[in-house]
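Some structures are shown below for you to check.
The same subunit A turns up in both complexes below, where it pairs with subunit B and then with subunit C.
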Partner chain A sequence: MSPITLIKCTINGVELEVKQGKTIIEAMSENAQRIAHYCWHPGLSIAGVCRLCMVEIEGNPRVQIACNTVITEGMKINNTSAKVRDAVKWGLDFHLINHPLDCPVCDQAGECGLQDQYMEYGKYDPEMAERKQRKRKVVDLGPTIVLDSERCILCSRCVRFTSEITKTHELGIFSRGDHSEIGTHDGKPLDNKYSLNTVDICPVGALTSKDFRFKQRVWYLKDADTICNGCSTGCNTKVYFNKEGVFRVKPRVNMEVNGHWMCDEGRDTYKFVNKEVRLLKGQKFANGTWQAEMHAGAAVKDAHLALSQASGDSIAVVLTGQHTVEEYEAIVSTFNDKFKTKNVFHWVNNKESFESFDGLLLRGDKNPNTKGLLDVLAKHGISSQWKNLEEGLKSGKITHLVVFGPENLPVFPDLQQNLNIFATAKNLIYFTSAAIPQLKNHASSNQITLIPLKTYVEKDGTFVNFQGKAQSFKRATTIVSEALTGVEAAQLLAGSEIRIKQVTEKQLFTSAHERKDQVQLEHRKKNEFVFNRGRL
Partner chain B sequence: MAVVTKNNDNAWYLPGIFTGLVITMKHLLKNLFNKKQMITLNYPEEKHEYSPRFKGNHILTVKKDGAIRCTACMLCATNCPADCIKITASEHPDAQVEKFPIAYEIDMLRCVFCGFCEEACPVDAIRLGPEWQTPGLNGANFIYDINQLAYRPALKGGIQSVLDDQDRHKAGI
Partner chain C sequence: MATVNETKSNQQTSETKYLSEFYHLPEFKGIDGYKKNGGYVDLEKALKMQPQQIIDEVKASGLRGRGGAGFSTGMKWGFLPKNDEPRYLLCNADEGEPGTFKDRMMMEKAPHQLIEAMIISGYAINSKKSYIYVRGEYDESINTLTTAIQEAYKAGYLGKNILGSGFDHDMDVYRGAGAYICGEETGMISSLEGLKGQPKLKPPFPAVQGYLRKPTIVNNVETLAVVKYIIRDGAAAYKKYGTEKSTGTKLFSLSGNIIKPGNFEVPLGYPLKDMVYILGGGFKPGRKLKAVIPGGSSAPVLTAEEAEKATLDYECLAEMGTMLGSGAIIVIDDSACMVECLANLMHFYHHESCGQCTPCREGTGWLDKIVHSILSGKGRMQDIELLIKIADNMKGKTICALADAAALPVLSFVTKFRDEFEYFVREGKSKVKGVAYVADHTH
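Let's look at the complex of A and B:
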C-alpha cells in the first residue's frame, strides 16, 4: 500500500494538510469549519442535490459545491465571502418555496436544518408570489415512521440510506418537478430494523418517529452521552431526557463500533428506564404476605443480616450481562471475600441466538456486557454451571440466593421460568430495576426481598462489547433516586457504608469533565449553539 | 451605597400631625358634600369598568367550526416566566390539523399576567381577556382547563381566532 499523501490547501485563510482524495466538505467538517449542507452525510454517498454547500475556489469564476469537489494541491477555498453567502441565501429560498409554515406543529422544530440555516443565511424577505404546492401530510410510511411530503426538501438522504446502508430499497423519489415527493411502493412499507435512522438524518421534519411524535418539544430535552445496552454491539448513543424521564435515544458517531447508525430495537431501551415500569421501593415477602414497602437501604441491611449469618456454601449469586464491569467486580469480590462463596452463576438468556448477527449492528446477545461479566468471573476463578444452581436449590443446599436481575425484560424470554426456580430458595434477595409483577403472585413460605436497582442511564460504568472493547459512560440523569447501583448494593450487603467518591473542586472542573460539544462563551457570542442543535 | 442618618433630635412632631389631620378632614368634607366624585366604590354592587384591552384572564380562541385553535406548539409554555401553562399534545385525526392539545391548563394563581403567552403565540390561539374578577373557593378552582379557557359562559361559545389555516391555505401561503 502506498503511503498516504498529504496535500496542502487553504480553507478560509487557514492552511490545512489533508489526505489526498478528500472532498472540501469532509476537510471542513473534520477541521471544525462550518458549512451549510443538507444532502451530504458522512455515512452516505454524495448526491449534490441541495446546492447549499457552496464554496468559492480561487481561480474559478463560479461557486462550487463542496461535497463533490476533491481538494487539489494548493487549492484556496473560501465559504465566508459575500458571493457564497448570497448563493446560499438564494439556494435556501428555493428550498422554502413549497415548504409549509408549520413549525408550530412540526416535531423537528428546534433542531431543524432549515431553521438553523435560515437564522444564518435567510433572506427574511421572500419574493416568491406563486402559490405553494400542496402535498400529502401525515403519510403512514410504516410501523415506525410518519412522512410529511410538504416539509421534505428532497435531499434524498433517507433514500440513500435505505439503498446503501440497509439495502432494502423501500424509499424512492416519485413524480417530477415540484410534484416530486418521497414515498414507498404499494404494499412495501418502510419496515426494517434500522428505519428510524432516516428520521435522524432527515434535516427537516419530513420524517418523524411515531414513537416520539408530539411527546415533547425538543428544546425541553437535555441530552447526555451513554452506551446502548440493547445488545452486545455497544452502540454509542445519546439519551434525551427531562425531569419527567427519558424520551428518546439517538446514535452518536463512533466509527469503531457503530459508525453513524443504531438499530430500532436499541431506541426502545429508554422504555424500561422510566418510572412507570420501575421498582421504586424495597419490599419484603415474609410469613405468607407482602409487607409494607420499605426503603431500599433498609431492605439491603436486612439482607446483609441474613447473609452474614449464613455459611458460604449456602449462598449463591446470579448475575446477568446487563450490569457494568465495576458492579460485577464489586459484587463478585464481596461474595468471594466476605461471604466466602464461589457460587456465582451467569444467567444466560436466549442461548440459541447468542452468536447470531444481522450483518450491520444487531447481535443475538442482547446483553451489553456479557464479555465484561465473563472476564470478571474468570479473574476470580469462578466456573459455576447453571445446573449446579438448580440442583443446589432442589436439594436445599443453597438457601440464600442473591439475584441481580435484568433491566431489559423483553430480551429475557426465560424470565418467568427462572423466577419460578429462584422462588424455591428459602431466602431470595432479588435486586432489580424493573418492577416484577410475576413475583408478586408468588405464594409460599419462603422469604423474598425486592430491592430497586438503578438502570444504565443512572450510573457511571463500563460495558465491554463483543469485540472486547471497553466503553465507559457517565450518569445521564436520575429517575429513581432511592434505587441502588450494583456497587452500592455490594457495599451495603457487605455491611459497610456507601462510600461516596470524593471529588475536589480542582478535579471537577478539568477538561476531562467537559463535553466536546459543550457550549462555551465564545459560542454564545456567535450564537453557535443554535446552529449545532441536534446535528448528527 | 451609603447610610443616611437623619438628625431628628430637635424635630417638632406636632406640625406634621396637624398637617395630616388637615388632609384627612379635607377629603372627608369633599366626599361628604360631593359624593359623585368619590373614588371608592361600593364593591361588589358597583364595579369599575376597565378598558377592553385590559390584560386579565386568558381566553383560548376557537376556529370557525368551534374547535380549539391551539396547535400545542408549546411556545407559550416555553415563554411563560411563571411556568404556569401545562399542555399535553396529541395527534389530531384530521391530517391538516395534525396536532392539537388534549389538555391545556393554566394555573391562574401562578400566572403574573405578563402577556408573554399572547405575544409568543404564532396562531392567535391565546389572548388575555378583560375579565379580572374570578373568585374561587380553593386552589383547584384556579387551575383553568380547556373548557374554562375556551368555552366559559362569559365567552358565549368561544372567541374566534383571526388566523385561520384554511384561509391561509386558500391564499396559497
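Let's look at the complex of A and C:
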C-alpha cells in the first residue's frame, strides 16, 4: 500500500490537511463545515445532479460542485461568498418551483432537507407563477414504503441505494425532464430487507415509511443512541421516542459495524419495548390460580425467599443472548457464589440458521449478545448442556428454575415448546420484559412467578457483537418504571437491599434530550398548542 | 497573417466543394463508385504511416470538432492514455440540433467517405472497434451505412489484418432512439451502454474513461470525414482553406425564411451575408432579414445588423457572443414573431432535458411555461426580467451543456428583441402578427 499523502488546502479560510483524493464535500463534512447538498451521500456513488453543493475555487471563474471536485494542493475553496450563496439559493429555488409545499401534511416536515436549506439560503418571495408539474401521489412502492412523486427532488439516492447497496435494482427514474419520476418496474415492488434505508436517505418527504408515517410529528420525538438488539451484527442505532413510547429506529454511522445502514428487521425492534406488549407488574401463580398482580420488588423478594430454601444443584438458570454483559456477570456470579450452582443454561434459538449471513448486515443469530454470554459463561467455567436441563427437570433434580426470557419473542420460534418445559419445574421464576400469555394460560400445579424486566432501551449496558466488538450504550428512556434490569434482579435475588430509584409518573419518559421549549404533549392532546418558551 | 485572411475571405459566389466534391454522383454511395473517385486510397496511405504521425498531422491541420463545441480534434485524441488498454472510437451521428442536417447528407451520399476516415482515425488512436451512433429517425442513413459497412468488410477494409497491415478494426452502426441529449458525447456513451441516455459526470472525461469505462473518442461525422482529406492533402494543404484559427471548409445547413435552403460547403471565414443572400438566394419579395441563428438552435441569435457583419468562423462568432456550433444557420425574416420563435425553442428544450440536474430539469420547464404564458397574452412585465434571471442561473450549472443551450437563446432573444416581448406583455398580442396564441400548451 502506498503511504497516505496529505495535501494542504484552505476551506473558508481554515487551513486543512486532507488525504489525497478527497473531494471537497468529503473534506468539508469531515471538518464540520456546512455545505448544502441533496444527492451526495457518503455511502453512495456520486451523482452530481442536485447542483447544490456549489463552491468557489480560487482561480476558477465558475462555481463548481464540491461532490465531484477532488482537492488539489493549495486549493483555496469557499462556500460562503455572495456568489456561492446566490448559486445555492437559485439551486434551491429550482428544487422548489414544482414542489407542492405541503409541509403541514407532510411527514418529513421538521427533518426535511428543503426546509433546512430554505432557512439557510432561501427566505425569499417565490417568483414561480406558472402551473406546477403534476405527478403521482400516494404511490404504493411495496410493503414498507409510500411514494409521493410531487415531493420528490429526483436526487436519485434511493435508486443508487437499491442498485449499489442491496443490488436489488427495484427503483428507477422513469420519463424525462420535469416529467421524471421515481418508480418500480411492473410486478417488482420495492421489497427487500433494507428498503427502509431509502426513507432515511430521502432528503424530502417523497419516500415515507408505512410503519412510521402519520404516527408522530418528528418535533415531538427525542432521540437517543443505542445498539440494535435485532441480531448479532450490533448495528449502531438511534431510537426516537416520547412519553407515548418509542416510535422508530434509525441507523447511526459506524463504519466498523454497519456503515450507514441497518436492516428493516432491526427497525422493528422498537415494537417490543412499548407498553402494550410488556409485562407491567409482577404476578404469581400458586395453588392452581393466578394471584393478584404485585409489585415487581415484592415478587422478586418472594423469589429470593424461595431460592434461599433450595440448595445448590436443585437451582438452575436459563439465559438468552438478549441481555447485556453486565447482567450476565451479575446473574452468573450471584448463582455461582450465593446459590452455589453451576446449572446455567444457554437458551439457543433457531440453532439451524445461527451462522447464516446475507452478506450485508443480517445475521442468523438473532441475539445481540450471544458472544457476550458465552464469554461470561466461559469465564465462570460453565459448560452446561441443554439436555441436562431437560433431564434435570424430568427427574426432579432441578426444582427451582430461574429464566431470563427473551425480549424479542418473534425470533424465538421455540418459545412455546421451551415454556412447556420450564413450566414443569416445581418453582419457575420467569423474568421477562414481554408479556407472555402462553405461560399465563399454562395450567399446572407448580408455582410460577413472573417478574417484569427492562428492555434494551431502558438500561445501560454492553453488547458484544459477532466480531467480538464490545459496544456500550446508555439508557434512552424508561417505559415500565417498575421493571428491573438483570443486574437489579440478580442483586435482589441474592437478598441485597438495594434502592431502586422509583420513577414517578411525571418523571417517566424524561430524558436528557428534552428541550425546554418542547410542546407539551398533554396540551397537544387537548389541541392546545402552548409553547413553553419562557420569557419572549 | 491578416492579409492572408483577407485574401481568403474574398467575394466567393459559389461553394468550395472539398468534402462534398462527388456528392452529386449517385454512384459515390457504392464502394465501386467511391473507389473510382479516389476512395480507400488514403486508407492505404495512412496504414503505411505511424499512428502518431496521423495524430500529429490532424493536430497540425487545426481541425476543430464540427459537431458543436469546436474543440481541437488532434488535442482530443492526445488526451488518450498512452497504453495498450482497449479503446473505442465513436462517431456521433445523432444529429439532433434543430436546424442541422449536414451529417445526414454525408451519410446518405458518401457513407464510404465516413467509413474510410473512421478506419484511418481508428488506426491513429489504436482502436479496434468503432460505432456509428446514428439518430433513430435517419432510416436512410442507417441503411446506406449498414450496406456500406458490409461492402467494406467484403473488400477487406474492415475486419482482421486490414490490407495486410496487421491492423484489425470492426465497425457497427447503432441506432439511437430519438433523444436530443444522446448527441452529447457522454449521453451517447450511456445510451450505447444500454443505459438511459443521460450525460455522465465529468471528470472522468471519455478519453480517459468512456464507453464501458474504457478510453473513448467521440467525434462528429464531418470531423471524422475530414481526417481522410488531411491524410490525402496534408495538414498544410488543408490549412489553405479557412482562416488562421478556423481552418478548412465546413458544411452549413441553411434553413429558415430563405429562397434556397440546403447544405452548402464553404471555407470557414465565409461571410454570413453571402451565405444568406448569394447561396441561400435571399428572401421572398418584400421580406427582409431580421435575425439569424448561426450555429444551431442553441446558439445565441444575431440581429440583422450583426449578421451583415459576421463571418462564419469560430472566432468571429465567438466575438459576437454566439457560436458556430454545428453550422446550422436558421434565417429569420421580418414576418416572424420572436416570442413565437423562442416559445418554439423552449418547447424543444423542455421536452429534451434529460431531467438529471435540477436547474435544467426544472428550469427548462419554467422557461417554457413563462414564454408560453407571454405567447398566450397572459404574461406579466416582470416575467421578462425573470426569464433572464432563470436563464442566467441555469447557465454553467449542470453536468452537460443542455441547460446552457436552453439559456443562451433566452438571453439573446430577450435582450436583443426586448421590445417585441414587452409589446406582447403590454398589448397581449404579437407585435408582428397582431394576435395572441390560444394556450394549448399542456404539459
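Annotations
Simple rule for what comes next: the second predicted complex is superposed on the first by the 497 of 536 C-alpha atoms of A that agree within 3 Å, B and C clash if a C-alpha of one lies under 4 Å from a C-alpha of the other, contacts with A are read in each partner's own complex, and residues count from 1 in each chain.
Here is the rule we go by: a contact is a pair of C-beta atoms (placed from the backbone, for glycine too) under 8 Å apart; a residue touches a chain by one contact, two chains touch by 3 or more.
Here the structure is a predicted model, which is why all the values come from computation and not from measurement.
Set against each other, subunit B and subunit C touch different numbers of residues in subunit A, with C touching more.
When the two complexes are overlaid on their common chain A, residue A:A32 makes contact with neither subunit B nor subunit C. Applying the stated contact rule after C-alpha superposition, one finds that A:G177 touches subunit C and leaves subunit B untouched. After overlaying the two complexes on the shared chain, residue contacts for A:W90 are found with subunit C alone; subunit B is out of touch.
In the superposition on chain A, A:A47 contacts subunit C only, with no contact to subunit B. Of the two partner chains, neither subunit B nor subunit C is touched by A:I500. Looking at the shared chain after the overlay, A:R131 reaches both subunit B and subunit C. Look at A:A292: by the touch rule set out above, it reaches neither subunit B nor subunit C. After overlaying the two complexes on the shared chain, residue contacts for A:W219 are found with subunit B alone; subunit C is out of touch.
Overlap of the subunit B and subunit C interfaces on subunit A comprises residues 130-131.
Touching subunit C in their complex are the following residues of subunit A: 46-52, 54, 62-63, 68, 87, 90-91, 94-95, 97-98, 127-131, 133, 153-154, 173, 175-180. On subunit C, the positions that touch subunit A within their shared complex are 179, 196, 201, 203, 350-359, 361-366, 369-370, 373, 380, 382-383, 386, 389, 393, 396-399, 443. Listed in rising order, the residues of subunit B touching subunit A in the complex are 71-75, 78, 89-91, 95-96, 98-99, 122-123, 169, 172-173.
Here subunit A touches subunit B in the complex through residues 101-105, 109, 130-132, 134, 136-138, 213-215, 217, 219-220, going by the rule given at the top.
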